[in-house]
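Take a look at this one; I'll ask things after.
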Amino acid sequence: MPGVAGDVSSKGFWSRFLLPGGVWLLLLFVVPICLVLALSFGYTDDLGRAVYSFGLENYQDAFDPLYIPVLLRSIGFAVATAAFCLLLGYPIAYYIARYGGRRKHILIALLVIPFFVNYLVRTYAWVALLADEGLVNSALKDLGLTETGIQFVNTPYAVVGGLVYGYLVFMILPIYASLERMDGSLIEAGKDLFGTPSRVFMHVTLPQTKQGILAGCVLVFLPAVGDFVSAQLLGGPDTYMVGNLIQDQFFAASNWPFGSALTVVMMLFLSIWMLGYLRSAAREARDPVAAGGV
Amino acid sequence: MTGVPPTTVGSGPLGKRKAKAREDGFDRPRFLRVYSWFVYLYLFIPIAVVVIFSFNSVKSLQSFQGFSLQWYDEFLSDPTLRESLFVSLRIALITMIIATIIGTMLAIGLVRAKTRWSPAANVLMLIPLVTPEIVAGISALLIFSQLGIQLSFWTIVIAHITFSISYVTVVVRGRLASMGDEVEQAAMDLGATRLQAVRLVLVPELWPAIVAAGLLTFALSFDDFVLSFFTTGEDIQPLPVRIWSAIRFGVSPTINAIGTLMMVVSLTAVVAAVLLPRFFGRKESGIKVLTGQEE
Amino acid sequence: MTLDPRLNRRQLLRAGAGGALGLYGLGALNGCTVERPIDKPESTAAIKPEIDGDILIYNWAQYMDPDIKKRFSEKYGVEVNEVNFDNLEAMVTKLRAGGRYDIIWPTPEYAYRLNQEGLLHRFNRDSLNNAKGISSFYDKGWWDPDSELSIPYTYYTTGIAWRNDVVSGMTGSWNDLTNPDGAGKMFILDDFQEAIGEANLINGWDLNTADPNELEISKQTLLDQKEYARGISTNSTANLVNGTAVIHQAWNGDIVNVRNQVDNPEDFSYETCEEGVPVGTDLMCIPITARAPGTALKFIDWVIQPDNAAQNVMWNGYPQPVEGGKEAFASLVKDEPSIDVKLEALGDGGMEYRLDDPDDRALWNQTWTEVKAS
Amino acid sequence: MEQATVNETQPSPEGGNGEAIRLEGVTKRFGDFTAVDAIDLSIPRGEFFSLLGPSGCGKTTTLRMLAGFEVPSEGRILLEGEPVEDVPPYRRNVNMVFQSYALFGHLDVADNVAFGLKRRKVPKDEIGRRVDEALELVSLGSRAKSRPSELSGGQRQRVALARALVNRPAVLLLDEPLGALDLKLRRQMQVELKQIQREVGITFVYVTHDQEEALSMSDRIAVMSDGRIAQCGAPEEVYEHPNEEFVAGFIGISNMIEGVVEGPGSVKIGTGKRIQAPVPADCDAGDTVQLSVRPEKIAIDEEIEAGMIEMTGRVVSRIYHGVNTQITVELGQGAHLVALEQATYTASADDRWEEGMEVRVGWHPENCLVLR
């Protein structure tokens, strides 16, 4: 093929657009993550400084029976968070997509607004609301529903509640987008074929929005596993999550190599979901929301 | 949702609204509407608490004693807190500009270039979106320490940009993919060089998506805590880091004032993302761009 | 569509190839430390209190009345900027990462460590106008044998705060943390030293023991306490105010703040414990990397000026061991004397946390991590 | 291929004054796939030339090579005598009307049309004048300040046309420009396009898969199949004398009856009947051929004239089209013939034949083509 300067499809021209972003992400995202991996084999010297090395001690510690429950607990909380987000998010996404009419955009915007109040402040507001002598308990007592108040905060429920509140929007938007893309006449056709609405939902709507549900679940699950804010502010003695563990290793216990090893272990646990998501995102490359855009 | 033919609705009280489908089972507008109202309530109650108690006249989060601006006054009269607000704004602004430029270029490259490396770049671009923020924070902290770069304003900015590029790319790429490449070809056909085609046609055509992505990035960066927490250094800390330090050791209602002010800033960015495209004479709204469902 | 819709294994591998290459390069890092050594200035001469630029102070959040900074700025025409940390290790991390702060707030133990690393400026206390008001307890402390590195900012005891309208039968012992009245509404401080220290005292060990066997037993003590605990938190003020806690391991300054915020201050009590009263001090030190050490020293002098000390005590609720500060605090707690700290009565070497050996420190950290994770 | 080159030598009906485009052995491969396979083509100036074929036949790739968006893997492209394979699109004196119109949404109609002139640094007042002219030409003078999103499909199409024509290119390339329009608008635009082409006298190369469109508008048509040109010629020629089964089948409905050559002028079809047909000279006895008869050339019952080849069959279906009726007759053993019967002033086309009726069908031997 002749080398043609003017060929519009010439690779060189468009490839140049990949360069700044590619180099940036490579140097400031991939290389740093490799550093985490490298440091996870390191140790802490006498002055408390992290040193690179090739030891497996940190991994032995990370797989200590003591820490496995922390990781499992984090995954359990994250799964519960994704499930509740789905339960809360699907009907509302469905409602807006199908019955929102001209107010659709306002309804969606209203869902997104709370997301733009600082996560810390929002979580803190929950503490104020749900504390033993907080507003909710005062209201319950005034209504005579409870005498002593209900312990909401410092429980696993509060942590999951905080996570749900923090990440709900990541569930709603992809589901909404997939419902929006779905042809409404399919539901009508489904009514002819399957009859009852619940069967129509199971056989038509749900399969059609599978991609959105999957994307939403992954986008809620992944950050929830690594979260440390919710457990710190809303949790109790038995809600310590892997995010807290890692954060403590970096900023309280000053054991960076162990923190790095924990990070690597967490990422390994998550990589299955990440890979699954990347595959489906590449398949749905045309669809920005399923791929994670808010 | 198109293609749902209007059918008769049994119940009267729905009158105000044009209900469009039969009420039965899950697919029941009234049930869904009530349900939705509860979700909205759940979402807005804490926000309301923050806003209302930011005007409380006493230092309490339990009872509202009267209207007062003292917490705003306390915030504004503390020069370092005020400085933190400006730092947060500056970080968000710089992040927005640089991430939007790089992310848009990446999106264009990903859609248009067909090199051996574009699938790899495609994966690379998506990974930050599925990486827990704490991992990004730690790895940023490590690379800066390793390179001997002092943690500062700029390390926060760099960490924020790294994370924001992917958001921009995903939003812009969605718009670009739906556009097809005939528009640039038309420009070249009419005598524009490749760069002119990008500058005169492609970027203007993508502008609503670029604006939306940029403002989204602004809001995300402005509110970010985790990345800032790991990469903040000797310079004035951004507001969320100050909030974190404060929350861990007792809290004053100034936090509510700060939270309310931050919400106003973020909302301004989001509202601008929704409305700005109209000023560019487009019919599609920013929300549509953000939720990826134009045309 | 121009995008390859399929993401096959080969493409993923290719994406990972760059990372693998990078990993290979990381082999070269073996033995390197993560942080670069800090550039220390050659001169180690004592610094003098003189205005030499704007300063950046690195403090706990909401620990100093903004008005004090503001008036200093106005008086001397320099800016006083502030950043916050939420624990001391984080402060050391940032300092080691090259952070250039003009004043930091370490505990004696951290001041000792930082000085060992040569990270603190020396100065002459006599060059300060208000140093003579400093309590004698802070003359030539173990962390600062020549009184040339630090000026005390606040001091505090660690004890137990409780709601006397809910909890009865407090005995003045650390075992009160497991008072049945407080079960499920008790909090332990989220601080590895305070938590392990309290357990050590219960078991009758030395506060700072690093004997692995003793620590193992202390760990068990803490795990037993955890059964009663509602949470592990440093946010004692809020926990007590909003009723979440009825028993809280706490610093005495926090109880002052609690009593300021509630309608029923008389319901909130504080006790120090017979097994031992850990006394903490937050010092002010000037790191070697300070940009304006002269202004920093001037500002320290300003903070311990009697009127400013009094004002600051009223603001943050913690006593300051200087003239003005002590009196102000005494007036704050006059109806609950247990909150006050009698430094002189504590005698020499009182109950202070001191983990000099990094290995001991690591062992304590490890123990605490295990407590939290179990 | 041979036929195609032979056809090239024939003068264009419009009588052009020289060659606008010449393709010599142009081939385009994408990986292992050959999209365009060594085609030769010559298009005289001022001609309305159509590339016709099913999707995937290589017609759009050919057009894109003319525009400069694709580089030929082999062969030469000459534009007004100059080789242009290496010339980027923005320096070629051709313009294109895209299937999607590819209008610039951020510019109004006038700015869209002015885009090319501005790139060529045409003086401002001249731009204004030429834009007005171009918009008048497509009857959109009143919409100069509208945004493309405010226009109807047909109007957008006209803007795209004006935007290309205003540059006075040597050749205008049109890639299925009417594909997105509804039938009525499409018919109307076909007429307008043809009119505009006559008015401006620019060479049009028109890509379409719609044979009717190609027949009604073009001066000449190249029928493409699998990356090669199957036949190239005037519409009547391509329609009346398709040179292969593919062309006959693609252009219009054509009845195909398989048969075996018995000897000169005689073919035996599946029913066993021997039929008189113009067997080409290069066919030998025993060759399998297809007999092609256009439906409108078939007469039924009383319409049969002397000299026609006659057969009998049974009506199996009757589809009413209003102006005519499509009647399918089974000749036996699965051989079917489709006939189109016009409505006349005396009878509706519909009521003369019923399904199941035995009928006679016939055609003049000269209306039957023998294709290999």
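Some observations on this one:
Note that the chains take the letters A, B, C and D in the order they are written out, and that residue 1 is the start of every chain.
Methods note: a contact is a pair of C-beta atoms (placed from the backbone, for glycine too) under 8 Å apart; a residue touches a chain by one contact, two chains touch by 3 or more.
Source: prediction; values computed, not measured.
Taking the mean of all protein Cα atoms as the centre, the chain whose own Cα mean lies nearest is B. Pairs A-B and B-C differ in how many C-beta pairs touch across them, and the larger number is found at A-B.
Comparing the centres of all chains, each the average of its CA atoms, the largest separation from chain C belongs to D. As a whole-number value, the distance joining the C-alpha centres of chain A and chain B reads 15 Å. Chain B and chain C, compared by their mean Cα positions, are separated by 35 Å. Centre-to-centre, using mean CA coordinates, chain C is 85 Å away from chain D. For the pair chain A and chain D, the distance between mean C-alpha positions equals 55 Å. Multi-chain contact residues, meaning those touching two or more other chains, occur in chain D at positions 68-69, 88-91. Within chain C, contacts with two or more other chains are made by residues 1, 3-4, 7, 12, 18, 34-35, 86, 238, 242. Multi-chain contact residues of chain B (touching two or more other chains): 61-62, 110, 112, 114, 117-119, 122-124, 141-142, 146, 177, 185, 188, 244, 247-248, 251.
Within the complex, the chain D residues that touch chain B are 67-69, 88-91, 94-96, 98-100, 102-107, 115-116, 119-120, 147, 149, 163-164, 167.
Residue ranges of chain C in contact with chain B, taken from their complex: 1-4, 7, 11-12, 14-15, 17-18, 34-36, 56, 58, 60-62, 66, 69-70, 73, 79-86, 94, 97-101, 234-238, 241-242, 254, 257, 260-261. Per the touch definition, chain B reaches chain D in the complex via residues 180, 182-183, 185-193, 196, 200-201, 204-205, 207, 280-283. Those residues of chain C that touch chain A in the complex are listed here as 1, 3-7, 12, 18-19, 22-23, 26, 29-35, 86-87, 89-90, 92-93, 96, 117, 184-185, 188, 192, 226, 229-232, 238, 242-244, 358-359, 361-362, 365-366, 368-370, 372-374. Against chain C, the residues of chain B that register as touching in their complex are 59-62, 74, 77-81, 83, 110-112, 114, 116-120, 122-124, 141-142, 144-146, 148-151, 177, 181, 232-237, 241-242, 244-252.
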